[in-house]
Amino acid sequence: MSIVKTKGLVHEFIRRDEEDNVESITTALDHVDLRVEQGEFIAILGHNGSGKSTLAKHINALLEATEGTIWVDGMDVSEEENVMPVRKVAGMVFQNPDNQIIASVVEEDVAFGPENVGVPTDEIWERVEKSLKAVDMTKYRNHSPNKLSGGQKQRVAIAGVMAMEPKCIVFDEPTAMLDPSGRKEVLAAAHELNRQKGVTVILITHYMEEVVDADYVYVMEDGKIIMDGKPREIFSKVDELKAHRLDVPQVTLLADELRKSGLPIPKGILTREELADAILKCASDFRR
Amino acid sequence: MSIILDKVNFSYSQETAYKIQALKDINLKIEDGEFIGIIGHTGSGKSTLIQHLNGLVKATSGGIYFNGQDIYDEDFNMKELRSKVGLVFQYPEHQLFETTIFDDVCFGPKNLGLDKKTVELRAYEALRSVGFPEALYFQSPFDLSGGQKRRVAIAGVLAMKPEVLILDEPTAGLDPAGRDEILDLISKMHKELAITVILVSHSMEDVAKYVDRIIVMNQGSVMYDGTPKEVFRQYKYLEEVGLAAPQVTYLMHELHEKGLPVNLDATTVEEAKESILCALRNNEAKRLQ
Amino acid sequence: MIRDITIGQFYPADSVIHKLDPRVKLFATMIYIIALFVFKGILGLGIITLFLAGIIRMSKVPFKFMTKGLKAIVLLLIITSVFNLLATPGDIVFWKWGSLQITDKGIINSVLMTIRLVYLILGTSLMTLTTTPNQLTDGLETALKPLNKINVPVHSIAMMMSIALRFIPILIEETDKIMKAQMARGADFESGNLIQKAKSMVPLLVPLFVSAFRRAEDLAMAMEARCYNGGEGRTKMKPLKYGKCDYISYGVVVGFLVLVIVAAVLLPFPQG
């Protein structure tokens, strides 16, 4: 059974004027079909306004679909009685690190979720302990979130979600407001949870270089999925990515340019090491 | 036309025990028409530094001279300095407050005490130079997309007709397309309006493409100050303080170490491509001889 | 500036007072304030001074740190004591000028008032210094629970208080930032008359409200995503439980009040 599955999912934002007449309709999601299996690391890539955040909110039952269906862990999200169970299964980490931390002490914030669902006190302590350890924030447990860096705040937010023991975590542009070191911290934490705890990760981002290590990538634009595949497949279509004005990493771009100049460099180069090896191979091939 | 910083020091909470020295002995000279990138990670003092340049923060010790005048002189006109040195803060769209976009851009020039006609002319010019669609001038700024809001906010500073434009992480939170648009816009303004531009960023790759000079800040001090090529040559030291040179720099060094004589100063994809092709050709030629 | 005020700040330390149940501390503070206003005479003052000194000692909060909070109210202290000194009629008049006079009662009143105010500030700030804001709201929530029966949404109020506590520093920082951003556009927040000053606040307040609403919306969504559904069925990570120390403290506090009252009846000299 897929952990998340959507079929023909449509979401329209309807704006009304004072007299309740429809002023404009924006289609944020346009018949989206996707499938995420338990334990996968999925990336959804797209610009602001491509509908990727709307999709994320559907997975957490924070929005109601206009059309189509979405199932989370086999539960139809549109059914009222499934809302709380869905939110327990699928946690969510948001973009702004400040606006999702509720308590004034790190450990109390992590406890917020379990408190809401009525976990007994002893178990809350266990879960808080475990979650803080999973994101390596144990030594900050008694700190005020205000004194932490952006990356640390996001890790607290991740711990807060982990304490709910979800099967799946949706990261909604968790790194957009962070500096490079904060971005690295958060990504490392996401991968760690995926590998060590087997949590399904759905990473929503507009940074191309963050999807390199994902199992599968969906590219969204105007509410539709326009490309999907393994990172290597996606990265081999440099021209198409550029046409959609996506941010192709320098290395991939350079590899593509070199290939176009006639060098025998394979498609879908992802890392610096791969490119260096490919170029050096060209050099030695010449020699032979 | 220049800004000179002479032994500038700044610390927070002077009297209390929590003294934090944010800037340490900064000496800088910023010449007319330069395009400068200030790089440093969060807490390196880069934001504090630029707030000194238009007098929003006063140095604990040291002097700042704008066109030869000491800005801490009693009869120095601070208001004029703020109009000459325009500062666009991080997430500048958060400062929008008027009911229409046009009115918001008028706020700056109005504060300078100009007459209504001049104010409106300047607002119009500013909105034009940021490439804002005329049809939207009289809409509410709160309905715009993030990138558009940011343009309006930049126009709001531009309408003061600054000689120096400082932008604190103008691309923060934007997607790649929005980021490229804003950076292209800034580069265009530097050329067309012939103003000095100082760009604060934590991304080396963004900055390398545009600026002529990079100032690297670390723990409140200037760590490096030079052309992008000079600075990126120090990539190993940059890494130690949590900054990264462009990916291409690493690649070129790796190739060089493994015996391919490429140009180590290449920082952009174009330069790297030329250099690699050239090196491979030479390699080939040598073999044929 | 704003950050220098110690009233309402928390001073982390490992002491008996820090560990007391916040409800005990709330109760004790109330009793202490009552005592400050019912005591009479030197003996009563002595008892209160001993009580306060003992608790400050036990709290491990440096006395110097506490007196820093007093600086903020020095002006208020001087005004009230001068007022009391000059405007109280009495039996023995030492000095008179028009309606102003210094009398024996005036001197006693002025001294007593100053002591009351200083003790009031010291005592109440001791509570906030030894209790985290969260414990305080927790304490209030539990203490006020009976009000739920008359439809007072105690849980929501407490939740609101703790969220406010979390966001006040963030909003202060944001105010600072917006102010600077508008100053960079030539805004002037200092000069001008009252109306001009009020007008100049618009460019500060509008963005601040917009940002506060955006944060509130984000936060509401984040709370919903973490299964927040009001106070019903919630458990607590740190539930309030009375220990032995807490019961003893209740006893000590009640005993203290009785002592102060007895002292007021037996030895009400000198009278204020």
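By written order: A, B and C. Residues from 1 in each chain.
Note that in this section a residue touches a chain if its C-beta (ideal position, glycine included) is under 8 Å from a C-beta of that chain, and two chains touch if they have at least 3 such contacts.
Keep in mind it's a predicted model, so treat the numbers as computed, not measured.
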Hopping only between chains that touch, the fewest steps from subunit A to subunit C number 1
Contact-pair count is greater, between B-C and A-B, for A-B
Between subunit B and subunit C, the Cα-mean centres are separated in Å by 45
Whole-Å distance, C-alpha centre of subunit A to that of subunit B, is 30
Going by residue number, subunit A touches two or more other chains at none
Multi-chain contacts in subunit B, i.e. residues touching at least two other chains, fall at none
Given the complex, residues on subunit B that touch subunit C span 16, 51, 54, 56, 79, 82-83, 86-87, 89, 92, 94-97, 107-108, 111-112, 142, 156-157, 160
In their shared complex, subunit A is touched by residues of subunit C numbered 132-134, 162-163, 165-166, 169-170, 214-215, 218-219, 221-229, 233-239
Given the complex, residues on subunit A that touch subunit B span 47-49, 149-150, 176-177, 179-182, 206-208, 245-247, 249-251, 253-254, 257-258, 261, 263, 272-273, 275-276, 279-280, 282-283, 286-287
The subunit C residues in contact with subunit B across the complex are 4, 174, 177-178, 180-188, 202-203, 206-207, 210-211
In their shared complex, subunit C is touched by residues of subunit A numbered 57, 60, 62, 84, 87-88, 91-92, 94, 96, 98-105, 107-108, 111-121, 124-125, 128, 145-146, 160-161, 164
